[in-house]
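Chains here go by letter, A, B and C, matching the order in which they are written, and residues are numbered from 1 within each.
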Amino acid sequence: MERFVQLVIDGIAIGSIYGALALALVLIFRSTGLVNFAQGEMAMFSTFIAWGLVEAGLPLGLALLSALALSFLGGMAIERVLIRPVEGEDPLTILIVTLGLFILINSGAGWIWGFENRGFPRALPDDSADIAGINVSYESLGIVAILLGVSGLLFLLFNRTKLGLAMRAAAANPASARLVGINVGRTLMIGWGLAALLGALAGVLVAPQLFLDVNFMGGVLVYSFAAATLGGFDSPKGAIIGGWIIGVAETLAGDYIGFIGSDLTILVPLAIIFSVLLVRPNGLFGSPEVVRA
Amino acid sequence: MSLISVERDSPQHRRLKAAGLALLVVVAMIVPFFFGPFRVSQFTLALIYAVAVLGLNLLVGYSGQISLGHGAFFALGAYTCAILLDRTGVPYLLTIPAAALVCFVAGLALGLPALRLHGLYLALVTLAIAIATPVLIRRFDSLTGGSQGLAVEQPTAPGALGLADDQFIYFLALAVAAPMFWLAAGMVRRDVGRALIAIRDNETAAKTMGVNLAAFKTRAFGLSAAYAGVAGALFVFANGFVAPESFTLVVSFSFLAAVVVGGLATVAGALFGALFIVFVPVWSSDVNDALSGVIYGAALIACMYVFRSGIMGLLRTAFARVVEVKGSTTGRIDDEVDEVAVADADHPAGAGAGGVRS
Amino acid sequence: MLITLLALVPAACGRDDEGGGGGGGGGSADPGITDKKVTLGGSYPFSGPASAYGTIAKGAEAYFDFINAKGGVGGRTIEFKTIDDAYEPPRALQNVKRLIQQDKVFALFNTLGTPNNLAIWDYVNQQKVPHLFVATGASDWGADIEKHPYTIGWQPNYVTEAKVYAEYLKKEKPNAKVAVLYQNDGFGKDLLGGFEEAIKGSSVKVADKESYNVTDPTVAAQVGRLERSGADTFLNITTPKFSAQAIATIAKSDWRPLHILNNVGASKTLVLTPVGLQNAKGIVSTGYFKDPEDAQWADDAAVKEYHASIKKYSPRTNSNDAFAMYGWTVAQTMAKALEGMKEPTRESLMESVRNMDVEIGTMLPKNKIQTTADDGYPIEAMQIMEFDGSNWKLQGNLIEAKAQ
């Protein structure tokens, strides 16, 4: 029993990593209707910026805040410069642009900072608590708390503010949104900026335990996609809970299901995505998809 | 003002097309005698990828089902061929239809559940499959050779032909690719093609007109997988070696990029896309070794800006200046159909990702 | 269709220059070598998941720059052409074809990656091009001299390394219960296989083994499972990022096994410093060349020369990175092989390569590079080292462990 609980706790800790990036994916989807395959790489790049600032001598807190701010600006810039020209095109065209961005950012980061592995300073305490024999790390607790907080803020943003309403409108139907006076260009920019900021947050939160190199977000990306799919691509809390479910499922499966083995754990998110999409495509918390015929 | 003006499907038009085709064939045939073995091997690779990209285009461009996992079928075809060559005495030519068959069945199997998904969700499922591919190859290592990979004998030129091995493999690839292109062109020109385009642009309307959605979409998956399988087998001939690292996510992404760069829903575009993914990474590495990825990514993005409808779109516009083809839109499968046909205000701008709204 | 053709015509008309390249000298028996210059070719992962290994090429290039500044080898400067393959075997094959046919290199040097080298060695041997000092520890390269006479490895292969660990355990902890974390590819499986083979018949037992893929984000789950196996020894067969994750995960838990870390993951710069040096205290590993960061070599002439050269010829490279030192050392081996070459021919180079008995300054003392016609493993000895909280301390003597 104790082992089971420990596994669940471990699963939630790992799942929080997936959920963190999934939040950024959900945000970009909710505000622009797009899936950004370069989200992970953008998060990695932001994390490197933070690392560079710390190396340059900035205190950690200041470095992190600066990195978040710079990422926000960077995200806006990417939308304005790279995505805007292809905005109304076939979604596939935009997808290829994000793919090109993925390759570009990955190589660019390597060229600037090198491809080697390095550590990232911890903002959260390193210890673990021992609660009734279960090992819970403060870092994971901190990440969970931050994620829930951010998710709450996002909920407020989308459902209680004019900006959020504008973003949802711009994402759903840009033409109509323009007709009612929404500056679609500006809302899209802000959407990308916020998503980049969330991605940066995810990066600096998980880099201490994943260690920082140009590929550290690559592995997380597909799990985050799975988390967002499971939770519903337009639901921030869905992204987090989806992440937890995947983390727990993966941990339990690795332990209890013999033939899965630790090398096949990638099949767990695949199986989850498959089943969710066949049974309930909009995910656990997403709104139903309505296709106008 | 164009130089020449012909009526569509008139005898002059047909003669022009035949001449063009003949010239194309001649050029393709002399390539291996014009260039050294390394260049020839690059063109061979481009031909092989073109077949796979063509298959993906059938799926993505024509039936609007996005797949980020085409590399998985490519790997399946390649391993089918390699395992047959390694374990059995099957003559190498027979591995091609074998790979095609295995992949066709696999494509159908994936096509069925895929009916329930579209756009984003299908993309995710196929993405996960692409990521799982090298993992699965390693897992079944008694069959696939696992991480050690499988090395097989490459086809050698029969002495009577007087060709070098690399030239022979080029012609082998050409001999397989050409009919596959011809087949694809035929398919899209006839009802199948038009049905697939109707499905892509407006599924409900297609249904009301009697198009059997499920059958067509599933078949599209199967066909596109079969194409990838054939390409996979040719790939084994050209490389003589397969390993899990040969089939990572990069392969699937490259195929998709090639589809879009070459031109969605075009047949000839597959060749241009394939040339792009073969030559541009090498070129960008030459420009600057350290920045090769940056240059390649930038080139990809730039292509999307410059060639809105892919390279084919650009070439078509340029070509229209030289030869103007007048006539009805019957049988014309490209973006112009959207303009000439009923301009529907509700028509979604590009239907590739399906209707994801809420 | 017409369009396609018209577009292709310009491409076809450009006659490709495949006669250029490094050859030059009229009438010389082999391409890529003249009185003044010898051209080598290599394929490395400068992008993609294995891009960290690209630093090896930087170290090698720095050495060639260094030696060229002193007049080269036998009066010839060494030109080293490298192309990125992103760790993809098909690209490696393309690169090698280009290097051999278009760039006309004299020999291939230090091509990286087990699957990549497996993809190219049939072709390279068929072309009779020397395929030297490949950057992988697979045991394949020395096991098949008859079928692949032009191929030779360099670093102690993974089976040798595994034997060293096995011997160490048999002596120090004969009843060890070992939990193994290994990378799910040739490298991990080779080392694991060698270890399992080497402990047969002894009381050292494998209690549990868990694998991971390079595409996985973290190995925390695997390490957790290994901890629960009740083992008292941990064999860590990982590459740097995952080595760091494993060490960090253990440090956070209550598990305190005897931690054996494989050579690839033993870098202080890439692994131990990021996890925190105090968390790495007591870790055991093996080495065969001098760690550039180690205090004990601070006054070593060869190591000082290395640091100075990296700063001069490759300033963007971190000279504390063991990969750079690896590149530097293997390049020196190449230079020695060229030195021993009597004629400017590939056959003569192979003769030199198969008859080496040299000492190199940046190798561990007494760890020589030795080959014979039957022995295709240049380096077969490693030394156990233990991390004391600030540096790696060499223990005992060099242990020789032949793979066959």
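FYI, contacts are C-beta pairs under 8 Å (C-beta built on N, C-alpha and C of every residue); 3 or more make two chains touch, one makes a residue touch a chain.
A quick note: this is a predicted structure, and the numbers were derived from the prediction, not measured.
Trainee: Report the chain whose CA-based centre is farthest from the CA-based centre of chain A.
Mentor: Relative to chain A, the chain whose C-alpha centre sits farthest away is C.
Trainee: Which pair, A-B or A-C, has more C-beta contacts?
Mentor: A-B
Trainee: Using mean CA coordinates as chain centres, what's the gap between chain A and chain C in Å?
Mentor: 36
Trainee: Take the average of all CA coordinates in chain A, do the same for chain B, and state the distance between these two points in whole angstrom.
Mentor: 32
Trainee: Where does chain A touch two or more other chains at once, residue-wise?
Mentor: 106-107, 110, 261, 263, 266
Trainee: Could you tell me which residues belong to chain B and also touch two or more other chains?
Mentor: Each of 131, 135, 138, 290, 292-293 in chain B touches at least two other chains.
Trainee: Which chain C residues touch at least two other chains?
Mentor: Only 47, 184, 213, 215 qualify.
Trainee: With touch defined as at the start, can you tell me which chain B residues reach chain A in the complex?
Mentor: 60, 66, 113, 116-117, 119-121, 123-125, 127-129, 131-132, 135, 138-139, 204-205, 253, 256-257, 259-261, 264, 290-294, 296-301, 304-305, 308, 346, 349-350, 352-358
Trainee: Any idea which chain C residues touch chain A in the complex?
Mentor: Checking each residue of chain C against chain A gives 47, 49, 51-52, 54-55, 184, 210-213, 215-218, 220-222, 224-225, 228, 240-241, 244-245, 248, 252-254, 269-271, 273-276, 316, 318, 321, 323.
Trainee: Would you tell me which residues of chain B are touching chain C in their complex?
Mentor: 16-17, 19-21, 23-24, 27, 30-31, 34-39, 41-42, 45, 131, 134-135, 138, 146-149, 151, 185, 235, 239-246, 248, 250, 268, 271-272, 281-282, 285, 289-290, 292-293, 312, 315-316, 319, 323
Trainee: Any idea which chain A residues touch chain C in the complex?
Mentor: Residue positions touching the partner: 3, 7, 10, 13-14, 17, 106-107, 110, 114-119, 126, 128, 135, 137, 209-211, 213-216, 218-220, 223, 250-251, 254-255, 261-263, 265-266.
Trainee: Okay, in this complex, where on chain A does chain B touch?
Mentor: 33, 35, 82, 85-86, 88-93, 95-97, 99-108, 110-111, 172-173, 222, 225-226, 229, 233-234, 261, 263-264, 266-267, 269-270, 273-274, 277-278, 281-282, 286-293
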